[in-house]
Amino acid sequence: MIVTVLVVFVGCTLWTVLYSFTSSRSLPTLDFVGFDQYTRLFRTSRWTVSLKNLAIFGLLSLAFSLIIGFILAALMDQKIRFENTFRTIFLYPHALSFIVTGLVWQWILTPAYGVQKVVRDLGFETFSFPILTDGRFTIYAIVIAGLWQGTGLVMALMLAGLRNIDDEIWKAARVDGIPAWKTYLFIIIPMMRPVFITTLVIISAAIVKVYDLVVALTNGGPGISSEVPAKYVYDLMFSRGNLGQGLAASTIMLTTVLIILVPWALLEFRPRYRKGKIPK
Amino acid sequence: MTSVHSVLIKDLSLNFGSISVLKNLNIEVADGEFLVLLGPSGCGKSTLLNCIAGLLDISDGQIFIKGKNVTWEEPKDRGIGMVFQSYALYPQMTVEKNLSFGLRVAGLPAAEIQKRIAHAAEILQIGPLLNRKPAELSGGQRQRVAIGRALVRDVDVFLFDEPLSNLDAKLRSELRVEIKRLHHKLANTMIYVTHDQIEALTLADRIAVMKGGLIQQLDDPLTIYNRPRNLFVASFIGSPAMNFLKGEIVDKDGSPVFRAADLDISLAAYRPQQRLAPGHAVIFGFRPEHIAISGQAGPAGCSCEAIVDLDEPMGADSLVWLKVAGKAISVRVDSGRRYQPGEKVFLTFNPAMASLFDAVTENRL
Amino acid sequence: ADLEVTHWWTSGGEAAAAKVLASSYDKLGGDKWVDGAIAGSGSTARPIIVSRILGGNPMGATQLNTGRDAEDLVKAGLMTDLTELATKEGWADFIRPSKLLDACKYEGKIYCVPVNIHSWQWMWINPNAFKQAGAAVPTNWQEFVAAAPKLKEKGIIPLATGDAWQIDGVFRVMLANLGGKDLYLKILDQKSTEAAGGPETKAIWQAFADARELADPGYVGRQWNEATSLVLTGKAAGQIMGDWAQGEFGVAGKVAGTDYDCLPGLGVHPALDTGGDAFYFPKNANPEITKAQLKLASMLVSKETQVAFNLAKGSLPIRGDIDMQAANECMKKGIKILTDSNNVLPSYEQAFSSDTQGQIEDLTTEFFADKTMTVEDAQARYVEIIGEAK
Amino acid sequence: MNSSLSGAEPRGSRPKRFLSPASIMIYSILFIAAVYYLIPLYVMVMTSLKGMPEIRLGNIFSPPVEVTFQPWATAWNSACTGLYCEGIKVGFFNSMKILVPSVILSIIIASVNGYALANWRFKGSELFFTTLIFGAFIPYQVMLYPLVIITRNLGIFGTLTGVIVIHTIFGMPILTLLFRNYFVSLPPELFKAARVDGAGFWRIFLQIMLPMSLPIFVVAVILQVTGIWNDFLFGVIFAGTKNFPMTVQLNNIVNSTQGVKEYNVNMAATILTGAVPLLVYFFSGKYFVRGIAAGAVKG
Amino acid sequence: MTSVHSVLIKDLSLNFGSISVLKNLNIEVADGEFLVLLGPSGCGKSTLLNCIAGLLDISDGQIFIKGKNVTWEEPKDRGIGMVFQSYALYPQMTVEKNLSFGLRVAGLPAAEIQKRIAHAAEILQIGPLLNRKPAELSGGQRQRVAIGRALVRDVDVFLFDEPLSNLDAKLRSELRVEIKRLHHKLANTMIYVTHDQIEALTLADRIAVMKGGLIQQLDDPLTIYNRPRNLFVASFIGSPAMNFLKGEIVDKDGSPVFRAADLDISLAAYRPQQRLAPGHAVIFGFRPEHIAISGQAGPAGCSCEAIVDLDEPMGADSLVWLKVAGKAISVRVDSGRRYQPGEKVFLTFNPAMASLFDAVTENRL
């Protein structure tokens, strides 16, 4: 298994980096061209737009899924009734594929059928909700759909984290007369650092890889306004027969991930000793 | 009259769903008193403390603090400070922040906050720790900070929920002394939950021994120790534990005698609360230190023979385990003399310090 | 043997055409057509097809665009060589225009079978829509643009379009028909940056800028046949789309000349390119399969198949020697134009690598969607792409 | 006791606070959120029950005037995907064939991995683990080519085995992380006790660790079922024609329009395709949070 | 030489990465001996035990059990049984399965397994529990099963890692006695880790007091208690803790006297290990029970005046805290007489039972 994993993950990574310096077209060839692919990459407006979109999508998704997920979890943690029902409702989108998510949201957001039409039918003739058709907003449509699908999982993680917090902390805060929101903000959230980190890793991994959702919802359009890096990689490698370019793009993506991941790995896995445990 | 009581609990009941955890409790705690709630795990000690603090909504009854009915008050308005077993320090704040957080939220002026922290830091000797985070403190230091957090609130009543349980024996005894000193210094009311009888005995002005949501006995430590009201209190208090022998009362020359198997112990010196009727099935209880052991037989009547089973040296003294009337009993002796298993010894009981319980009701006779 | 055939012909007209092939093949007896349709555009299907060939689990035959798309696979020796069959049957003699077969050649050998001729340079209009809006039915692009305001007033979409490749197609057509053959060849064949940066090209970008005003905002994510269906139902007035759109009109039972009309070459320069679909036959270890492959290849170019298939698909046959009586108005127009070899243009696929095509597509769609992007900017980037194209 | 005090003062339990302002707010926020989450499902279900004319006229949020189950039948039985019009039922069984072995295999391997990482120190285990986590971030697309080449060389390209292996590999990072964290949180003394008792690597795993790991297994099953069932790319590339999963059929139905888009059929097909993971969530969602609490969120 | 020793540890060192946790330890445990490893948290007790059990690979040195070099043996082949603080019972198995697991792994015949379980169940009185799961047992019962698991393995050496720490005081003292009895009955070697000195003192034949990976003193309990070899051992052992006073040796009429502030204590009765040089800075340590307290002054010279600070009743006796020479010291007295804070009393020291340490090296003088 170790060998498999090393071959697959490390091997593929090395392969990717190596061939990103070649002029490979549909099929890999070892015809080295130096940094040509990279120069072209950063001159391509689709790539820069993709990066910008990933940044917007990433930041918004991270921020909102953490915030909404946490708020939902906090509300669910108030010993409410129907907890099972609510939890299922928040979680079920995660069971659906991005293809499905994209399809449904496309439908809801398309001006001709969706929200815009419904509001207009209600009498607001001038209402306009061009989130899918105006290139300036499409990325936000993707954020909305992505949040719909992903927040449930974040909620589940956060809820699990909240349940692991010592009851006595809550009591201490109440005795101290600290209002609930302050307790969350200044005490509970800082205590949930590990949960946040786990969540962060899980959603960032998903964000970097976002592809299906975009394809299903906007296919990158209108124009190139909702393109994302993973789609660029895929298109260049497979539709456009320019492996070298696609691999250069993925190398950039991998490097970015490494830049995010390395500090985290150092932080989380620096040698530390947990009392009474065989080190892992 | 309520003003003499710092805390007054009237007919308090609490149910979790259909389970009744506290049953119609009545307690009065005098101003400046140190009350310990003692009892086995699950008897409702923490629940009672949480009710007083306002952290649990009670099902029935009333709670007064300093004469004010606080039954439905928020915890912060009750004039209480609370210290928890797990310390419950806010892990990401420095000690100083931990102490001041509640005060800042309450909107106290900075100068006042500074003053109170300085005062608490001095009393608890945590001045040098103010800039550390809880993770950088030892258990004892953490607990001191937790106490400090209650202290700065400048309240009438301190509530402690097993504050020392997470500490090791040595620290536990040190902090025990500190808490006692603190109580002397501040002279405010303290209610302290523990299941460690040494803590209870050393700290309390009065101890409430609880079991199954009911108070079994509420008395000062020595009374509890020496004149337990029932078998539960007797067996729960004291380490090493009290020895018990089952038997019955017989009349011997007009004075009552406890008889178990071949053992007769004169009860002439015992001060019963009621007449000891001959034939009554009783349990005779005596503490390991209230029995003398010697190499040769003493005066007949309240002395008997026994075989040494085990000798446990405990430093200053030893506990010798013997077989008497078919039961293992322990005797506390000076550690200067070691006993060998199998050795034959003679015992002298001191009925004046013993306790006698009805075998059925288990109440003191 | 069972011959799996992959393709992305899943719209109504396309599926009907595929069915023709399948049933004719099955009728030959012995072998069986196993359909491996992959819906979506070529960009969904192509990676799947390529990776399966690479992965050593090839299908029996597959649709692929001719041109440089498949070149790498051929180069890697993964395709069955059809030269023997082609010489035997004398393909070179009847396949017209001969460029079609050239596209299948690599180092003198033949690796694919062209099945039809598709040209991009068509505009489809619904005359009733214009009548309804009180505008004259246009006969060329300029008139079409002029009629647009009236259409808009009536709530009719002037120009129906959709996905990125459809928008890119609009630009291709404009380049060929508004720019003329010379300009088209300079840019495609010679990759002349001078021509690409010149005023003639600028005019085309300008026209393209006009076109972006004519589309409705709902074009995003629309499939081409949905756009066609808008024209078909009168919700839109026109569509610039290749001749395969005709298949949709056919399936809907519409009659050319009355229900819809066609403007080949936008009614300006009647020149058509000769792209088209082709079938490739990945090499296979099983000799049974190879036999079946050759049988299919031979069938594809046969007269009967060509007639039936192209009627269904709305495309033109690859043979000059067959009778297309059954063809409708529009097809006949096309056949006529193509008989003059001056009117024959090379296709994009033959001129540009799919990479370059993709770059142009990115540029045109970006321009089309972003109304703040100026013609100058777009042209500058266009020049750059042409300059780099090999 | 002072009776003047007790008489007037509040007594007994606090009034039920179900309708207090705070809880009204909590429930309304939760309710609004629930509506947001339910709308897409609602739209899907409603649309799938309408006939095409009604869809064209009405708005997507209105309930069907005339309920029809035809779209469901069509989607399952006779929707066209290319030349064949057999609906998505074919894909259902293919998906099952892929799902069951992939889930089982990946969970077995990941749990052994997690156990080994948590309890047995071996050379390079830290590095191995970090690599795995890094793997979680690699976009699938990047690895497609090399994987095609690898599987081809192994002779499993285009087979059920191939796609199962691929799913197993890609499930590895997150699952291993989960299992490792879970096993680390179990008391190490158990492991030591078992070693003193003479049990070896496998026996400890099978007889001691496994029976204690139900919660984390539930989480793993849920995640894997969702991921594998919803996969399109690997299924279509690695599974081979005979084994195309349901998502491929769904894609074909949804993306191949014959004339007008049949939204009702599309929606029915969509719901049918999502049914398996949805059911898994509905029935084991309860254990999901519990399992995560037990394994995932402990650093 | 090795055969006389049940367990022999030679030059054992263990490092975790760059941290050296055990430093060149040498211990010989005689056959049938009960050795207790005692020390503060983190001193390496568990680590040492794990090394003996083979659960940790040592960095240097050798380990012999019953004369056999087992340094690199698997745990199961070392002839040891181990009992853990957290019981470490397999939660999904019944008690019987828990007991038999190791035997089944070893492939013993079913009849033999039955026999051994029956034997262990009888000794530990867990017969009625055999079909329950651990979750259905009380803490004490669980620990008994855990011991049973070691017992059935029929081994030469038992290793206990704080087996009683998770139990409450009462159970703890009960099980302590049972373990002691078990040792008497089985007479095999036991190595027992604890940080509770009562356990150490009562159970051990010898105690190894550890600190920072080094053994500070290895002696029998009474020697450790009465003649601690250094300040650490003195302060670590004994609860209530030993009192310490800093001062120096002065010569008074030819005999050494300890002087701190205004306090003089004659050391004539002290048995030093070396000559007490006048001027030597020393620490004088004495246990709370080795000091007498009385209302009136005794004979001059080793008696002095003090003010009562606090009185802690502990049941059988009380601890009285006093201020002497500016330091708080505790004195153990009978609980019959209560002392009031502020009361003036007189103390009489017993130098024969005291300990004197060098103020610098902290070693016993």
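Side notes on the structure shown:
In this document, chain identifiers A, B, C, D and E correspond to the written order of the chains, with residue numbering beginning at 1 in each.
The working rule: contacts are C-beta pairs under 8 Å (C-beta built on N, C-alpha and C of every residue); 3 or more make two chains touch, one makes a residue touch a chain.
For each chain, UniProt lists the protein as follows: A, D = Sugar ABC transporter permease; B, E = ABC transporter ATP-binding protein.
Here the structure is a predicted model, which means the values were calculated and not measured.
Path length between chain B and chain C in the chain contact graph, taken as the least number of steps between touching chains: 2.
When the C-beta contacts at D-E and at A-C are tallied, the pair with the greater total is A-C. Taking the mean Cα position of each chain as its centre, C sits at the greatest distance from chain E. Among the remaining chains, the Cα-based centre furthest from that of chain B is the centre of C.
Centre-to-centre, using mean CA coordinates, chain A is 37 Å away from chain C. Chain C and chain D have centres, each the mean of its CA atoms, that are 41 Å apart. If you average the CA atoms of chain B and of chain D, the two centres end up 53 Å from each other.
Averaging Cα coordinates per chain places chain A and chain B 56 Å apart. Residues of chain E in contact with two or more other chains: 55. The set of chain A residues touching two or more other chains comprises 234, 237-238, 276, 278-279. Looking at chain C, one finds that residues 47, 51, 54 touch two or more other chains. Per the touch definition, chain B reaches chain E in the complex via residues 40-41, 168-170, 173, 176-177, 180-181, 184, 195-198, 201-203, 221-222, 225, 236-241, 287-289, 309-310, 312-317, 319, 321, 332, 335, 341.
Those residues of chain B lying in contact with chain A across their complex are 50, 53-55, 74-77, 80-82, 84-86, 88-93, 101-102, 105-106, 149-150, 153, 161.
Here chain D touches chain C in the complex through residues 80-84, 144-145, 148-149, 151-152, 155, 157-159, 236-238, 240-241, 248, 251-261, going by the rule given at the top. Interface residues of chain A, counted against chain C in their complex, comprise 25-27, 40, 44-46, 106, 110-112, 130, 132-135, 138, 217-225, 234-242, 245. Partner chain B is touched in their complex by these residues of chain A: 166, 168-169, 171-179, 182, 186-187, 190-191.
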